[in-house]
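Read the structure below first, then the notes.
Each chain gets a letter, A, B and C, in the order it is written, and its residues are counted from 1.
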Amino acid sequence: MSGNQIVFIVLAAIACIGAAGVVVFGDNPVRSALFLVLNFFVLGFLYFTLGAQLLGISQILVYAGAIMVLFLFVIMMLQQQSAFLRSTESDGRGPIAWLLGATMFMTVGAAVLAPLGGVTGSPILDTFGTPQSIGKVLFTGYAWPFLISSVLLLVGIVGSILLAKRKF
Amino acid sequence: MNVQAIVEGWAAGGAGPLGIPGPLVLAVTKVMLVVGAVLTLVPGLIWWERRLLSWMQDRIGPNRTGTITFGTKIAFRFFEIPLPKFLHNRKIRTFGLLQPIADGVKLFFKEDITPATIDRKVYFIAPALALFPAFALGGTLPWGASHVPFSEIAGGLYHILTPIADVEIGILYVLAISSLGAYGVILAGWASNNKYSLMGGLRASAQVISYELGMGVSLACVALAVGSLKMTEMVRAQEQPLWGGLPAVQNWFLFTPFGFVAAVIFLICIIAETNRAPFDLPEAENELIAGYHTEYSSMKFAVFFMGEYAAMFVLSGVFATVFLGGPNLMPVNWAYLADAYPAARGAFEGMAWVNYWLGPLAFLAKCAAGITFFIWLRATLPRLRYDQLMTLGWKVLLPAAVANFIVVGLWIVATEVYGPLGGWAAMLGAFAVLGVLYMNFAAATKASVLATGRRGVTMVDPSPRRSVKMVDPNKA
Amino acid sequence: MSYQPIPTIDWWAIAPVSIVMVTGIVALLIEMFRPNRNNNTIVAVSLVGLFLAGLSVVPQFSMPFGSSFGGMVVRDYLGLVLQLLLITVCFVAFLFSEPYLREKRIAFAEFYQLALWASAGGMIMVTTENLLMFFLGLEVLGIALYCLTGMCRQELRSEESAMKYFLLGAFGTAFVLMGIAYLYGPTGSLRIDAVSIAVASDQPHFVLMALFGFGLLLVGLCFKSALVPFHQWTPDVYQGAPTNVTAFMASTSKIAAIGALIRVLAAGAPLVSYWFPIMFWVAILSMVVGNFAALVQKDVKRTLGYSSVANGGYMLVAVLAHVQAPEKVSLASTLFFITGYGVMTMGAFAVVSLAARDGKEGTRFQDLHGLWHRAPFAAGCLILFVASLIGVPPTVGFFGKMFIFNDALAAGLLPLALVLAVTSVVSAYYYLGIIQAVFVQEEGAVKNESGRPQAGLNLAVLLCALAIFGISLGAENVLKFMAPAEDGRQPVAERTVAQR
């Protein structure tokens, strides 16, 4: 087993635990959010191992650092009002959901993971994932989508202002 | 043994002490140099804050701890040790420098109270999360010059030892890690299961989010001017001739128009990021008791305390690197002067080497200056109200930073197309236009704020079904 | 510093989207500088902007077709016609929105900005062959619509529908995104023909991944175009949203989603044997469930919501016919039907919006009673819209369904054609119910004279009515205009395959 694989397996395991923690362990929304932070944080490191520096640090900066802080803010505000977000009663849907999920996971996993079996590292250029190369792509070939995404953010801002307006 | 030779040997992959691989030793050394410096200097920092604050408030402050007054002998129960003559009746003053150690010992021996109804795991993780970013922040800071004088390529001792990682994304790393610093505060506030603490946590999250934007955009201005996100590149860019035309002086970004605006914004934002006065709303003593760390006692409180001071220290270092020329002693290009005035060549060359070897000290001095500024602000300004905080962040700093960003962009394009003069004309013109626009916007905003008042925007649902039910205590 | 060579930019290709977006930004600035005023200026500016955008589409019909921006913007008949249609829909919606919003006391200027951007998002979706652009357009459209749906905050139903729309819409978007990821994985291409590349690679794993990704993409698109079994959100959202938003949403999101579906299905030709049976049943189910569920509704907007599901099914029949036999069946009838659908839906909802009075809105059938007295002209036009929705001969609805029927027969899809005919007959029942509520029943004891139609609404309704007749009278010419197969311009399905 190469060093790359060990690093990957460790990071991936933490990321998986984080992802599972979001939905599986307990029903405390703040803890779920914290697991999500963990997941995002480790995902950033996975990007680093792939050579995508800018993507990784953006992942940490934007998701782990900014978006999840907002998530926590909202959860902490709302939890003052509703303590019970999840009903505790159990019905037959749980096992079926597990079954379907596992089937789905195995089907997709068999198709997707099999061809990746022998991969141990990523054959990439030195400039891959640097701010310079991403900037070049972003402002040449992808300039139009880049502009559109700025409008997307504007839509989000204006929309949230609309929803936060007074009631009559 | 030559230190440089040893370090170079480690960097080249040779074996270090005890047969540990050299690169590993080197990596640990680099980390220890930063973390060790932060750890050892934080107590001094606390002392400095207390003394300086006292002076500013016309008090004396902690000046006695560690003062030893000798008599003629040290008397124990059954025997005496006579003291040497020169110590008789002498006082050794430490100016209270040992006070932080005494404080630390006191905190260590205080009762460690853990409230009963807390979220235990999160409660204990929170202080660690508050401390971690403060130490990790130093990862990309160069505290020494990346190249020896009279050479354009990296060389010398410091470029091996610092920064810990000279990555392409240096400045983004600083932003990312400092944004993680909010978690400690937020989680502490939440896990304490205390209303005041929760309010502190909520305030901290809102504050960090708001000020991160201005901070990011103001750093983006500098990154745009440098053309790189690397910290070492930023220092190198500041060693260029001032304003592109005065080769004797270094182009510290504080001296450039756009850099000055960015520096002011960045400075305000780092004060807010570290929750220092006048932005200390999360721990506002007189409203929230102590905010997020109300329920933390003993060493857990000390960890929060240390995290705050370490973050102050390291963020001052970021400011020094990005705006104050990093490890350069003075904004003077000694190498240029040596060439320009051959008569005094020796003196200038000497200064260049002094500048190189005293780099770390100069860097520390700049950090100290930054910290002093923090303390000065704390002594001067009253705490902001919450709405003032938000207004400052969103309506002043962010627009100003974005306007500055536009100016830098225009300046770069105009310089590329029309030469330096065109660049300057574009920059000044853009500043003028944006200033006029801002005045108009401000007027319009003022009008709209009044109008909003009339409209009566309520962000909280005032409907009766969610109001508190009053219960008559006599009947209940 | 080194500079990349600046590529030649096809400004015309992005002109319509840019104009609509910039109009939205201008409207935002107007609101900023003139807060607390009425929205007339904003409406005027928006209408002018939309008109200009429409003008910028027209000359492109005679320009050389093809893609620019590396395939991110594509100019072809499908895209141009749908862009024009989206602009028109937005224009009509703005004509009748202001009085309605004032009547409901929610005259926020943000409606105009968000609706403009939503239109732009839809226009992006229908003029791209790049999955990334497609996703961005989808999100711009979607997020704007989620917010608009919840715009009426004094009504719990509006908030509820916004929540439902947002959650299910985000769910659908997640499918689209996962699909794109699985298509990108094996091919490294964000182009819509990634499927062809994967199939051409002859690697079974790649084909499997592409198949999985394509399936996810289709699921997401079915969510967005409200096809059975992914339609559950439709009636609730249509009912809860303010009626002008419902009108706008029903037309815009359906047009954009079907436009994108056409391209995606055409690009999925190499895998046709896998997905065709599924989409075949989706079409049948949409028509059957949509029409039969509409029969038992007591709420006009819910009825129209299910009718929209059924209409989605009709459109899917046309698309499937085109994909099945691209050489025999052009996209003309699909475009014709979508155009007709957009016009009649806008008209019908515009009239229904008259039910709002004094900040309240009843949308049950009995709330429409006596509308005939209050707004004779609008109510009269409603007959026309309903006739067209049913498919009564001289209207555009009739021609649209007839063309689709013929296409389905030509492509050998007899079952689809039969289901279409039968369910159309069934649909007459609930459509006539709307007419009956408006004309036959008298209003109850509570008479309220406010809520009279305004000039803008009458104009909007008149435009829709004229369009219904105009399009159907000139059906031959319109069809010819929309038939892209001649003079070397390939239909979408063939072109995408050929590009491989």
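Throughout what follows, a residue touches a chain if its C-beta (ideal position, glycine included) is under 8 Å from a C-beta of that chain, and two chains touch if they have at least 3 such contacts.
Given the structure is predicted, the values throughout are model-derived calculations rather than measurements.
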Per CA centroids, the chain at the heart of the structure shown is A
At the largest C-alpha centroid distance from subunit C we find chain B
Taking each chain's mean CA coordinate, subunit A and subunit C are separated, in whole Å, by 31
Separation of the C-alpha centres, subunit B versus subunit C, in whole Å, is 53
Whole-Å distance, C-alpha centre of subunit A to that of subunit B, is 29
Multi-chain contacts in subunit B, i.e. residues touching at least two other chains, fall at 455
Touching two or more other chains in subunit A are residues 165-167
Given the complex, residues on subunit B that touch subunit A span 119, 121-122, 167-169, 172-173, 175-177, 179-180, 182-183, 186-187, 189-190, 198, 201-202, 205-206, 208-209, 212, 228-229, 455-459, 461, 463, 466
Listed in rising order, the residues of subunit A that touch subunit B in the complex are 28, 30-31, 34, 37, 53-54, 57-58, 60-61, 64-66, 69-70, 72-73, 76-77, 81, 130-132, 164-167
Listed in rising order, subunit C residues that touch subunit A in their complex are 4, 7, 14, 21, 24-25, 28, 69-70, 72-73, 105-106, 108, 110-111, 113-114, 117-118, 120-121, 124, 130, 132-133, 136-137, 139-140, 143-144, 146-148, 150-151, 153-154, 162, 182, 185, 203, 205-206, 208-209, 212, 359
Residue positions on subunit A within touch of subunit C in the complex are 108, 111-112, 114-115, 136, 140-142, 144-145, 148-149, 151-152, 154-156, 158-163, 165-168
